[in-house]
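Below you'll find a set of structures to go through.
One chain, chain A, links the two complexes that follow: it is found with chain B in the first and with chain C in the second.
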Partner chain A sequence: MKAFGRLYLCLLIFFLYLPIGVMIAMGFNASPYYQLPFEFSTRWWNELWQNQDLLEAGRNSVIVAVIVTLIATPIGTAGAVALHRREFPGRNFLRVMLLPPIAIPWLITGTAMLVMFYWSGVGRGFHAMLIGHVALAIPYVVLVVSTGLQTIRQDLEEAAMSLGSTPVHAFFRVTLPLLTPSIIGAALFAFAVSLDQFVISYFLATPGYTTLPVKIYSAIRKGFTPDINIISTVLLLASMALVLVYAVFSKFGAGNVRR
Partner chain B sequence: MSDVNLTGIAKSYGGSPVLTDISVSFPSGSFTSLLGPSGSGKTTLLRIIAGFITPEAGAVTIGAEDVTRVPVWARNIGMVFQSYALFPHMTVRDNVAFGLGRRGVKGAEAKRRVDEALEMVRLPGFADRLPKQLSGGQQQRVAMARAIVTEPKVLLLDEPLSALDRRLRQEMQVELLSLQREIGVTTIFVTHDQEEALTLSDQVAILDRGRIVQMGAPAAIYERPATRFAAEFLGDANFFTGRVESGAVAVAGSRITAPDLPEGREVTLAVRPEKISLGAGENGGNRVQARVLNAIYAGANLTYLMEGPGGMGLKVFAQNADGVILPKGAEVTLHWSPDHTILVED
Partner chain C sequence: MSAGPATTAPALKMGGRRLPPWVATTALLLPAYGWLLIAIFLPLGAMFLFSFMTATPIGNKEIGYTLDQYKIFFTQPYMWQVASWTFQIAFATTLICALAGFLAALALARSGLGRSQWIFLILILLPFWTNGLVRIFSWTMVIREGGFLDAVVQFVLPEAGSVGFLYSRPAIVLGLVHGYLPYMVLTCYIAISTIDDAIVEAAESLGARWWTVLGRILIPMAAPGLIAGSVLIFVPVVGAFMEPRILGGPQGVTLGTVIEDSFTQGFNWPQGAALSFMLLAVVLAIFATFSGVLRRNAQW
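Showing the complex of A and B:
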């Protein structure tokens, strides 16, 4: 039974990582048509540095994701704190309304945004794309931060206030430090949601400004070369490194959160 | 040191009153317990004194100052929470120094006072630990040190001992009391543990459904409960009800009397189980016939559950003086002094 469980787990990991492994490997294959036998080459690395379009799309993706993270994380964190720590009418309704945006297919959200932005005069472009990404990322941030908030006792802030802290001081000295691992996790989520975002970018971006997923999509339609694999590999390793850093960091943090 | 006075405090949640017209004074340096079942409003009252809740009516004064509209952080109180609420990301020293920092006390002076406070709660040498590295009792001490290091005008304790096991709790009770005596701070202690309230307090206030039903010294409250609720909540009691005729209440053939009974009125009389003795006793005492239903043996003492006159249930505490336990079904005569028969409001 135990051996079966281990086998099952191995298979699971294998199926999860096999396509990614193949993708990385093909970046180092000399053939432009992904032909076998495998012949090791760093040719596509050099090609990538020549391919200004692809590099720019990659850079755009990262820039958008960073800006989205910087906007969505504080907004979502503030929202989570309000939803969990403050009493106000309609709080439960708002809490429930947070979930559908996560469940609604991005294609529908994207179409809705396109129609809305066109109708309201916001139009398409970098700004529209940013608004779209931020809107998509906020529910994730609220959810992750809320989970973190639930592990922090509310009477800690009260204790701080009994010792002379104003509510604002109590929040920044007590709750925020304890919440930091969750906020970092939420920021990574926001970053990933934006980096991964295809539909909204595709709908809302103007032709002059493309992000990587959109670029890859159009490349696939035109026929593409393994330099796509290389830039994907770079992004993949970068995000995995981020996740690992977070995992290590939050393990240190977790001990502090629980008593 | 300051006295604390509440006048006409009222608070309701969603239309249903939690506290009604509470007026009470806590003398400077006294130790007062707010005792009541859950939902009696004792915690709400404590939080009003702390300043977490603003009452709808009434005034709170600490010393000469009316603090009714003063927020908690400006009241100079010390509070110990049920869960201790130690800051998990700070060392014991930083926890205790938190309130000092808010008052502008820093550096060597802060260090001296933190060490002093930790000394007082008998935790010297623990300053650099994190709360999670401490046992429950030690965390409780840190919470105490944190609350008293700022020399607050009032010390508020919200069931601080309820999370500890029995033995440790008794130990902490003794320490808490001697610490309070040492610094002489006006202390208000919320508890639902009657024994704890009796042991620690100068005065006990019994709360029931948002009102203080009785307040006084522990012995006075225990020996002379004013209401049926107070008699039942603080200790055990047997009750007899009936109309007073020629100075006594007749209960299924037995005449039960007490000093100063109001002639002709329906009354409730209470008797503590330990005041009742087995046997006929002297003439002039209250006397009833009863049958043993059950004997609960607890080593040093016994609790008899009996059926008294008219089938009413009676509880009797007896010392295990001779190792004899009355068997089930035994018919006995019980007696007690009229002086121990208390007229209570129903």
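Showing the complex of A and C:
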């Protein structure tokens, strides 16, 4: 029974990684029509560096993700601190209001943003994407930082205050250093949310300004060559690296509390 | 809006000195919720208004208000077919994920894996945090005619024809299952890992066979995880448009692709807005029905 369980898990993991492996391998196959048998070639890797459109979309993706991280992390952290450390009426309502951006299908949120931004004159493109991505990232930052706050004892701050520290001083000198791993984790999360975001970007992109997932989508629909596989592989490995770094940081945070 | 993050720190300082505490609380909350209001809730409101318009208000067109957009299911009976396909795909995906995910969670928690449980769990969850579009795209390499699957089949049986099934509804379900299965594994694993081994051992020592243990202990106790996972999968799947578009081709007409088309191709925004709102109503009804179970699973 136990051997069967392990076999099943291995099959499941094989199923999860099979298409990803095939896609990566096909980026190193010489045929532009993805024909088999496989013939190794780095041709598409070289082609990618000629494809200015794809490279620019990739650059846009990274720039948007960095700015989104810089905006969403402090805003979300402030929100998490208020929701977690302060008593006020309507707190539960505000907590529930974090869920719609996560739970409502992005198709609905994305088209709603398109309607609103077009109508109000905000328009589409870089700034519209920024507004949309930050809104999606904030709830995740709040959730991750809140989880961190739960593990930090509030009486440490109270102890500091009883020794004459002001609340602000106590927060910045006691809670914030303990919270740093969670905040870094939240920032990585926000970066990943923005980098991988396709649906919102798709509705807010303009022909002149796109991000990588939008470019990949239009390539898939209009015809493509294996350089798409190469850039997809890069994007995939980047998100995997982010998640692994996040896992390390959240572990580091947990270790910090026990000490 | 850009002033948001800058305003929080000074306000905090004032809260510590003279101002009443609600000022600091508001200053901490305002940037986050102001942003959500402007970027999420106002747009949803705007779209609701749009769904009653007679035409897209661009240029100098006369705009009237009407309920006609919500009558699409009566004026275009074809939409019933589209809705039925969408829900069939969503039910099939959820059911397959529930079966495969529950078994995976059971295997993870009860195969005596010890510490390597975490390695398996991370391996299962890792693809989930990567780009969904890229993962859907990767399936086209496998299941297209002359793709990887065909190459494997023809290696074993050189005479066999193509088994590629890209551009079909099973292909859509396959891609969606691949995309959302880790959700179910996670929610079921959380539920099953709280089950005390002693309960199972007690049942076994009293003579319960494995199917009794499964049916009377494991499944009922894992039910919150199964339900939460099902809701978290069903909801995004009914709103999916990229997956049916890429893997379904001409077969991939769903509510999601119809909405996408009315915003990007047909330029009939009021129609798209009305469909989006009907979809949102379904989503909210699902969340309302299962809110009790979901809340027990959530952190807060």
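Everything below uses one rule, namely that the second predicted complex is superposed on the first by the 255 of 259 C-alpha atoms of A that agree within 3 Å, B and C clash if a C-alpha of one lies under 4 Å from a C-alpha of the other, contacts with A are read in each partner's own complex, and residues count from 1 in each chain.
Keep in mind that, in the parts below, a contact is a pair of C-beta atoms (placed from the backbone, for glycine too) under 8 Å apart; a residue touches a chain by one contact, two chains touch by 3 or more.
Remember, predicted model here, so these are calculated numbers, not experimental data.
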Inset, instruction - Specify the outcome, clash or fit, for chain B and chain C once both structures are aligned onto chain A. - result: fit
Inset, instruction - Count the residues of chain A touched by chain B and by chain C, then name the partner with the higher count. - result: C
Inset, instruction - Check the residue A:Pro177 against both partner chains and state whether it touches chain B (first), chain C (second), both, or neither. - result: first
Inset, instruction - State whether A:Thr206 touches chain B only (first), chain C only (second), both chains, or neither. - result: neither
Inset, instruction - Figure out whether A:Ala159 sits in contact with chain B (first) or chain C (second), or with both, or with neither. - result: first
Inset, instruction - Considering only the touch criterion stated at the top, classify A:Ile13 as touching first (chain B), second (chain C), both, or neither. - result: second
Legend entry - Computed vertex angle (chain A) for partners chain B and chain C, CA, steps of 10°: 90
Inset, instruction - Pick one for A:Thr111: touches chain B only (first), chain C only (second), both, or neither. - result: second
Inset, instruction - Based on the superposed arrangement, let me know which partner A:Asn46 touches: chain B (first), chain C (second), both, or neither? - result: neither
Legend entry - Minimal inter-chain CA distance - chain C and chain B, angstrom: 9
Legend entry - Shared chain A contacts, counted only where both chain B and chain C touch the same residue: 166, 169
Inset, instruction - Using the touch rule from the top, collect the residues of chain B that touch chain A in their complex. - result: 50, 52, 71-74, 76-79, 81-83, 85-89, 98-99, 102-103, 130-132, 146-147, 150, 156
Inset, instruction - Would you mind writing out the residues of chain A in touch with chain C in their complex? - result: 1-2, 4-6, 8-9, 12-13, 15-20, 22-23, 26, 34-37, 71, 74-76, 78-79, 81-83, 86, 88, 94-95, 97-98, 100-101, 103-109, 111-117, 119-120, 131-132, 134-135, 138-139, 142-143, 146-147, 166-169, 171, 192, 196, 198-199, 203, 213, 216-217, 220-221, 228-229, 232, 235-236, 239-240, 242-244, 247
Legend entry - Contact footprint of chain B on chain A as seen in their complex: 153, 155-156, 158-166, 169, 173-174, 177-178, 255-259
Inset, instruction - Going by the contact rule at the top, pick out the chain C residues touching chain A in the complex. - result: 1, 4-5, 8, 12-13, 15-17, 21-22, 24-25, 27-29, 31-33, 35-36, 38-44, 46-47, 50, 57, 100, 103-104, 106-108, 110-113, 120, 122-124, 126-127, 129-135, 137-142, 144, 146-148, 151, 178, 181-182, 210, 235-236, 238-242, 245-246, 256, 259-260, 263-264, 269, 272-273, 276, 279-280, 283, 287, 299-300
